[in-house]
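Structures incoming, each one as structure tokens.
In the two assemblies presented below, chain A is common to both, partnered first by chain B and then by chain C.
Let's turn to the complex of A and B:
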């Protein structure tokens, strides 16, 4: 297999909040890897840093005082690239008494640098599909034209007529009904599901090495959701494109992912093969994953009008990050033996089974 | 036109519904009247350019001074030198049409360029553009024009360059605002993610697809503005000089005879000014609410 396709090492993405004079630690030390052909599911609540991780790898952290550290290595068809290299040159931190008082960022330089690094990667190396597909398509350009544009930009097909044929071909592959008719439609004439199919067609038509799917089924209704998931599963087995699938819906993840990373409070708390991580009764498991799994509504819940179980409490403050385990305040499995350690010291991501790592003191020495 | 004609109907699922089907009747009336005026102006411009006129506009007839409308084949009468008012009205369009276009082109091109640079580059460029806008905005337009006239000569083209430059801040801030608004949209981010080069995104996806209606509206309003400036300066004697006719100097010349009961030499050009400027403004206004008002995206 060799080195993984995408290797994110100790990624920290902070946003400086001038009002509070502190960093919002959206992503705080994330390490992930995606091998060729692998689908990595990233799951977690809102605010756990899933999307920011994806945006960081796409070079989209530009707005405002975002600061990134760590490394992201992408080994696409054109050799290895470090996507974050050199970015720290554009940020100046002003510290007083050990606290960061001010962050100034050369936004123009940062932006230009990001453009330079990302230009060969975007679309061709890494493609991305978003939640709310309708808003991700230009409302004033026909769907067909948008796909054709991507094809002519990224593949050797430059002739408009050939590109159109390929675009139609892709619309058919994503099972768009009557693709010829839809080709000349504007996005508002398409349903949400059709828009997402068009987005997927556009993303895949440039034949990327990695597809980042950021909540691809959120905002679609349940039947369309399951159809899109079905489509993604088919495309996965057909084209073997490596995918980073981000979702808060554990069922979507379980249908598609090979490996799963569970994120909480900007860190990965559990990482391993999907069958192990998502199995209901696999023991060494992070309490947060267990709570997430328990909160999936079952048919039984619905029939009995019973209460849905939810993870108690809220996502921790991303500014005042607790000193110990980030999940300590909400954890229901903390035992008296480890209580003190939990509150004081953040656990390491520790291997509990081959390829399966958990960040929890329960599985300490 | 195709793009924005279709997009305004996004509420309805049928995508081929033309924009005017959902438009307000009053807005349509505005646009209709505006288009009528624009057509009249264009036709008159061509007539004047080829000298296809009922009479020579500068031919003086001493036997027919201030003749009332309809007399001796003069449809709108004659002025104090016996010159045909209708012919002079038509020729007057030469006085503002081309200069007005130049003013519009200057303000649209410079304004779009500066606005785009400010919104897309940010940083120092944005600061510089803001300073430039504030600087230009802080000068009263007429004073600036009179300054230019004093420094050079009362040439309408010089004046229209000033009008164009003073129109830049409005256009720049409109375009910059639109771009800032659009940049937060997912589809622009999606275009970046797709790997489209920035200049393609700016030129094609933002300016061409989203700003054309805005610029067309701005152009019609700019034309109204240019006419207003030209006529007021000519009225004051700083613009087009006699014997070349302009609506402004026609009103001025006719005004001396107004209270002697000979109201037509000044009323005809005054009505022309009123209806034309109103036409351009209503056209801009109507287009604005039809094309810009309905886009919820």
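Let's turn to the complex of A and C:
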């Protein structure tokens, strides 16, 4: 297999909230890896840091005086790149107890550096599709032009006519109906589903090594959602492109992912092969994953008009992060033996089965 | 441009042209009535210094066709206008149309030149601060732009004349060189710069363009453009630059023309503003009417161009009136 295509290590993305004079720890020590051809599903509630992890990898975090630290290694066709390397020169962090207390940052230099590092990666190395495809496409430019732009920027096809032929080809591959007609359409004339197909065509047409799909089905009708998931599954088996699939919808993840990372409160709480992590009866697993799985309505559930179990409580405060386990306040499986440890000390990601790691004291020593 | 995109533009254009015609008609009525009701008349101005006999007065009135009621006067003026005849100046006896063309071009140079000056200053400041925020140089530059455009243009004009002519001896006054064949454009630079800085649109352009550009820069589709490695500026150009620019310029044309009246007085620039001023002094009705028409048409042309750009650029606007159902 060799080294993974994308390796994120101890990624921390903090935003500074001037109102509260404190850091919002959107991502707080995430470690992930995606091998070539693998689909990694990243699942978690809103605010768990999934999207921010993806946007950090693309250098798309624009929020003013935020900071990003850790390492992101990307090994695309053009060799290994470290996407966060050199950024530390623009920031001075004042840490205490492993927590960032104060930041001074050269915003302009930071931005310029990010643009320099990311220029050869964006589009060509890593392509991205977003949620709400209708607003993610440029409303002033035809769908066809947006795809040919990607082709002409990132592939050897430079001639406009060849690029158009390739774009039409891609529109067909993503099952766009009447591609020739849609090519000259503006996004507003297309439905959300068609816009997402166009987005996917645009992302894949530049032949990237890695595709990041950030909530690709969010904001679409339920029937269109399943069609888009079906399309992604087909494209996956056909092109074997490595994908980071971000979704709060476990059903989407379970249909597409090889490995799954469950995120909670800015960290990964469980990581392993999809069948193990998402199997309802597989034990051991993180209490949060168990609660998430229990909240999916099953056919049985619907038939019985049974109550849907929700994950109790709220997502933890990203500013005042609890000292112990982040899930402690909502956990329903905490036992008296470990209660004290849970409240005081954050558990490590511990391997409980080959390739399957869980961040929970239940599976300690 | 595709053929399908031309049709909505002609549609918008014809609508605007009809509106323009109606507006010009309205302006002409209003200006005519105001002139009719205003005290004084051209004859007392023409005969100033003389003590004309009652017969002489009546003779002139007869010759100029005055003893008709005001609506008859208006209709005969309108009839002439529709045949392309703006009448003749009461003071000089020259056809108004030729005069309008002559002074119109002078004012066109002045206003277009000053617009260019304004844009050269405002656009870089606006774009810089829209991307970088109020950091570093942007804040003082923006403040300076606000301060400078708050200066009254007549004051700015006199200060500029004083400094450049009396202190440094550069930029001779226009009236001295207008007869010579020298490079007059060089001498035009001073009034153009004064109007460009002092017409009050500088700060508005900075503010409006910065706001629009910053708004567009955080749109989802700009994030998509970044993610695919495309030029952010190219993707933001239409919504963040072209549309707001045409909007604000079209909205500011009346103010620029107003500033031009003053600058033309200050610098003795032979343009529309100075002619309007002179005509108002003389109660030279045909000239005043002609200039009012020209100025109104000018303002309309600005908003017409803005509308055309908007329709040409915005696919949603171009589909107005012929709704298409969404597929899938």
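The rule we apply is simple: the second predicted complex is superposed on the first by the 346 of 365 C-alpha atoms of A that agree within 3 Å, B and C clash if a C-alpha of one lies under 4 Å from a C-alpha of the other, contacts with A are read in each partner's own complex, and residues count from 1 in each chain.
Following the convention adopted for this analysis, a residue touches a chain if its C-beta (ideal position, glycine included) is under 8 Å from a C-beta of that chain, and two chains touch if they have at least 3 such contacts.
Model, not experiment: these values are computed from the prediction.
Considered on the superposed chain A, chain B and chain C are sterically incompatible, since they clash. By the touch criterion defined above, A:45 lies against neither chain B nor chain C after alignment on the C-alpha atoms of chain A.
Looking at the shared chain after the overlay, A:202 reaches both chain B and chain C.
In the superposition on chain A, contact is made by A:140 with both chain B and chain C.
Touch criterion met: A:149 reaches chain B and chain C at once. Of the two partner chains placed around the shared chain by superposition, chain B and chain C are both touched by A:123.
In the superposition on chain A, no contact is made by A:9 with either chain B or chain C.
In the superposition on chain A, contact of A:194 is made with chain C only, not with chain B.
In the superposition on chain A, the residues of chain A touched by chain B in one structure and by chain C in the other are 58, 60, 107-108, 119, 121-124, 127-128, 130, 132, 135-141, 149-150, 153-154, 186, 188-189, 199, 202-203, 206. Listing the residues of chain A that touch chain C in their complex gives 58, 60, 62, 64, 107-108, 118-119, 121-124, 127-128, 130, 132, 135-141, 149-150, 153-154, 177, 184, 186, 188-191, 193-194, 199, 202-203, 206, 224. Chain A makes touch with chain B in their complex at residues 58, 60, 106-108, 111, 115, 119, 121-124, 127-128, 130, 132, 135-141, 149-150, 153-154, 185-186, 188-189, 199, 202-203, 206. On the chain B side of its complex with chain A, the touching residues are 3-4, 6-7, 10, 13-15, 121-125, 185-187, 189-198, 205, 209-210, 297.
On the side of chain C, the complex with chain A involves touching residues 2, 132-133, 135-136, 218-221, 223-230, 235, 238-239, 313-316, 319, 324, 326-328.
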